[in-house]
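Look at the two complexes coming up: subunit A is in both, with subunit B in one and subunit C in the other.
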Partner chain A sequence: MSRIFKYAFIIFWTLFVLAPLSWALVTSFKTPAAVNQGATFIPWVQFDPTLDGWQDILGISGYANLIPNMINSMIITFFASLISVTLGGLAAYGLSRFRYGWKYYGNSDIIFFFIAQRILPPVVLAIPFFLLLKNLQLLDTHLGLILVLTSGLMPIVVWLMVDFFNQIPREIDEMAMLEGCNPFQAFRKAILPLSKPGIAISAIFAVIFGWNDLFFALVLTFTKVKTLPAAVVALNGTVTPFWTLAASAIFSILPLLGFVFVVERYLAKGGFSGAVR
Partner chain B sequence: MSLELKDLGITDGTDMILEGITYTFEPGRVYVLMGRTSSGKTSLMRTIAGLLDFTEGDMYFNGEDFDVLPTWKRSTSMVYQQFINYPNRTVLGNVLFPLLRSGLSKEEAKSKALEMIDKVGLSNFVDRKPGQLSGGQQQRVAIARALIRNADILLLDEPLMNLDYKLREQLREDFRDLFTASKNSVTIYATTEPAEALLIGDELLVMHEGRVIQSGVPAEVFENPNSVAVAQIVNEPPMSVLTAEISNGTFSIGHRMKSQVPVHLVGVPDGEYQAGFRASELTIGSEGDMTEEGEVDVAEVAGSETLVYLNTPTGYTIVQEKGIHQYISGDKVGITIPPERAFLFDLSGNLVVAPGN
Partner chain C sequence: MGIKFYKRLFLLPGLLLLIAIIIFPLLFSIRVSFSSWNVSRSGLDFVGGSNWARMWSDADFWGAMLRLLNFGVVTTSIQYILGFMLAHYVWQGIKSGRFFRLIWLVPLMTTPSIMAIVWRSIFREDIGAANGLLKSVGLSTIGWSTEIVPAMFTIYVAEIWQWTPFMFLFLLAGLLILPKEPFLAAEIDGSTPTRTFWRITLPLMAPISIGAILIRLIESSKIFDSIFVLTSAGPGNATETPTYFLWKRSLTEFQIAYGATLALTYLIVMIIVLTIVAKVLTYISRPRGW
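Our next item is the complex of A and B:
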């Protein structure tokens, strides 16, 4: 009986999660008239599908072209995530393996300091970041937004990776050092290969948070480096074009789906099972 | 290429982890560090490996200050008691790893690795990962990895501890064969088991509370422990140490059992002492001059013998009986103590006389 309930709940939750996506996907292939008809889901049965919404966002109909915005988002997210995972991973390894601090302020306090960056509401940082980038002439530039996003993504990476590195036995580092590796080489050759699941998780979080950033994109970029979320928001005019917005929503998540699909295989493996018995 | 320790010590501010260790290790010999858990064996090994900093004394290798070298520049290999291997590499990959930095060509390195893998009996498992091997096989991989570099110092920290009894016995026999190849290495082996020390070691260092309390040829230390502490450590099960007295030609245990002063104690001045007896030399029964009744606390079967732990009026006593015997807690049994096998210690615990062979 409990098995039936479990499966019933899983099916229910799957439908609950997938329903908005499916609705958006279906809506992206509707005409304005079909959208206004009400809740219809089956193409060619309940409505005639069309590519109008997609043509609107891909610059074919002349309504909008989100491709440059997607490229901007990809560049910014890629570099912000890369820098965050690289620097954050190194910081996490240091915090896991070495003792820092002065008197009563130690490793756990440093880790908390990192996490505390995420507690601050973004709106508190808007003006400081704006002024900073303005003075550095980095407003409306890829580099400016990359730096700002990195400052927000790195704490997440540090937080995730410290815990992950703590689970890898220190004896493996020691072993690598005994076999001639200096600490950085031990990290690179012995620990990093075992950290793939942790890196994958951190990368997924960094990419998702970076890709979905709207606030800093709206505040710190204007025309040259408009990201995809900001461009999608701009699509909303006097009349809400649901079919176009639906197409832009699906368009927005496609790169993320591709990324997670590629990285997901690293999550399944317990990287260091069998290291120590 | 000797390793010399001079008054080596480590303190954590309040406690001495290691204290006053002075010893010279020569290549081509197997040195066994023996002691209870937390006696300092692992700390000493980790200090030699450079994984732990010492706070007092000096350490020299080949006459040069060893402390200035970081771990990765010391020619040191270590086998841990947990089976530490690179889990993402195959057996071949694990054994190859230490060679990759040695400047050998890939073909040469692979050939050497395969030779070593064959030596430890894992030729059929070269493509397996550690997670697919048994505990004994994993430890053999770790040993192969440690030996392949021909390091100047080879450290083995209770490598057999986490293996089952049969496998331990088998690998002990294999160890001597493996280590004859390490003629140019200083080999240091840590253990808590006297049997391993006697079988494997050329020299034995007994450690207690961070200090080396006796060193020498294993058989010599076993026959002449210089203190109660050493006697307890090198005997398994531990010696039973009882109060004793010599007075007017009479040797008494616990002021209860009396006999004539045995031959090896003749000439020892009258006074209060402690007498130690090996478990294998005490017997259940009441035949002889020195017998008393004891109450069984615990009896456990160990292989083909029975260890009987007894509360007696003279103290807590352990008897190692041949064969399998059934005892219930609370049983009253007689114990016979052979005075001619007494190890005599003074009240400070220092050896006065050993019974000899």
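Our next item is the complex of A and C:
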């Protein structure tokens, strides 16, 4: 009974996940006329598929070329995620193993301070960040956007990794230090190898959130550095070109799909019981 | 080098970088909220607390906050339950687990603003897929953006579709690192799977569950893209949330000073609410005897 429910639910959820994606995929092969006629679902039967939508975004028809934007997005996402996972992981390890404090404030307040950075919506931060980057002459540069994104990605990494490190028994660090490691070596040699699932998931979150940022990219970069989401949104006009946008929706998932496919193998069942000798 | 050095070595680089990036925007917003910066007059004069008084009696703003409460609680709970179910299934092991795991993560990878346009093309009254399907099975069509309940429904569906994978992955991370011993002990005691779930899995997952719920409350409260594209806060202002309200005041009407006041109010309210939610959830999930 519960087995039937389980697989029924899994199938239902998978269909729900795939439904809008397949609609986008189908739409990306339609002509404007086919879109505006009304809803059709089955290519060749209900409408004649064309590659127009895809040629429009890949620079073939001369309408728009999203590939340079994709490279910009890759550079920015890569560095913002790298900084966030490195510094965020170190901070999370510190917060999990040591006691910090200032007057009445302790570790949990510092952790909350990190995550509180995500409370304010980008709409609010856009103007002050614009002025900040303008004064630092970092508007419309990769570095400017990387720094701003890092402030949003690092909190997620810290938030996830503190819980994660808390689950790793302290005996492992202590054992390493008894064998002559200093705290940093203990972290690098004993803890880091055990942390692959946590690092993998942090990296997935950081990359996905960095990749999909739109608002900061819209406000803080213009012509020299235009990211993929900003370029896609710019395709939208008075008449929404659903066919091109559907194609770019699918197009912008592809790099992430590849990345997650590679990283996801580290999400194996852990459990640290065997790690303590 | 003493332990103090290493303590600082771990925490400070991240913490200081974060403070360096956010200190200016925060102080700037506080200063602006006491000025009269708007479309006709830019600059930092000082008008005392008049923006704050206006905020206090702004019924539209507080209405949007109440609407957000409903939205945040409903979508986060649904995402938590669905995400936990999916994560638990994968953790227990299902056929083709890696395949499903990858498929279920795809919504998370889509850009919310672009996906909102795809949802728009689904819920368009005239040429959308939803009404097209309804018509083809002989049902009457629905005014997805003109009626209150359907308009809310479209936004809730888009939100649940996009962010349940986040819960799924976050909770899966938690499940993957659970210690093995309690489960072995339960097995030896002859515990049923249901009992093991309620007495062992769920309590052990409490810290990571609270973490996941808080972060989703924070994130879903910022919802903007799908409202902007799907309903434009309508019909009327039935789907207007604080972020949309803020955006209207500060970036379309250029009431910069008042926008900063609203933002800081939002920040303070969120910090208070999240602190209470964290305390309550910690209390509910505190360790109890068998």
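Quick note on the criterion: the second predicted complex is superposed on the first by the 265 of 277 C-alpha atoms of A that agree within 3 Å, B and C clash if a C-alpha of one lies under 4 Å from a C-alpha of the other, contacts with A are read in each partner's own complex, and residues count from 1 in each chain.
The working rule: a contact is a pair of C-beta atoms (placed from the backbone, for glycine too) under 8 Å apart; a residue touches a chain by one contact, two chains touch by 3 or more.
Everything quoted here is computed from the prediction, not taken from an experiment.
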| item | value |
| --- | --- |
| When subunit B and subunit C are modelled together on subunit A, clash or fit | fit |
| Partner chain in contact with A:Ala190 - subunit B first, subunit C second, else both or neither | first |
| Partner chain(s) touched by A:Gln137 [first = subunit B, second = subunit C, both, neither] | neither |
| Contacts of A:Ala91 with subunit B and subunit C, given as first, second, both or neither | second |
| Residue contacts on subunit A - larger count, subunit B or subunit C | C |
| Contacts of A:Cys181 with subunit B and subunit C, given as first, second, both or neither | first |
| Touched partner set for A:Ile172, first subunit B, second subunit C, both or neither | first |
| Partner chain(s) touched by A:Thr223 [first = subunit B, second = subunit C, both, neither] | neither |
| CA minimum distance (subunit B, subunit C), superposed complexes, angstrom | 8 |
| Intersection of subunit A interface sets (partners subunit B, subunit C) | 182, 271-273 |
| Complex interface listing, subunit A residues touching subunit C | 6-7, 9-10, 13-14, 16-18, 20-21, 23-24, 27, 35-41, 83, 87-88, 90-91, 93-95, 97-98, 100, 110, 112, 114-129, 131-132, 147-148, 150-151, 154-156, 158-160, 163-164, 166-168, 182-184, 187, 197-198, 201, 204-205, 208, 211-212, 214-215, 228-229, 232-233, 236, 240, 242, 245-246, 248-249, 252-253, 256-257, 260-261, 264, 267-273 |
| Sites on subunit B touched by subunit A in the complex | 49, 51, 70-72, 76-78, 80, 82-88, 97-98, 101-102, 129-132, 135, 138, 145, 149, 162 |
| In the complex, subunit C residues that touch subunit A | 1, 3, 6-7, 9-11, 13-15, 17-18, 21-22, 24-26, 28-29, 82, 85-86, 89, 91, 94, 98, 100-115, 117-122, 126-129, 131-133, 135, 161, 166, 169-170, 172-174, 176-181, 207-208, 211, 214-215, 218-219, 221-222, 224-225, 243, 246-247, 250-251, 256, 259-260, 263, 266-267, 270-271, 274-275 |
| Subunit B contact footprint on subunit A (complex, rising order) | 169, 171-172, 174-182, 185-186, 189-190, 193-194, 271-277 |
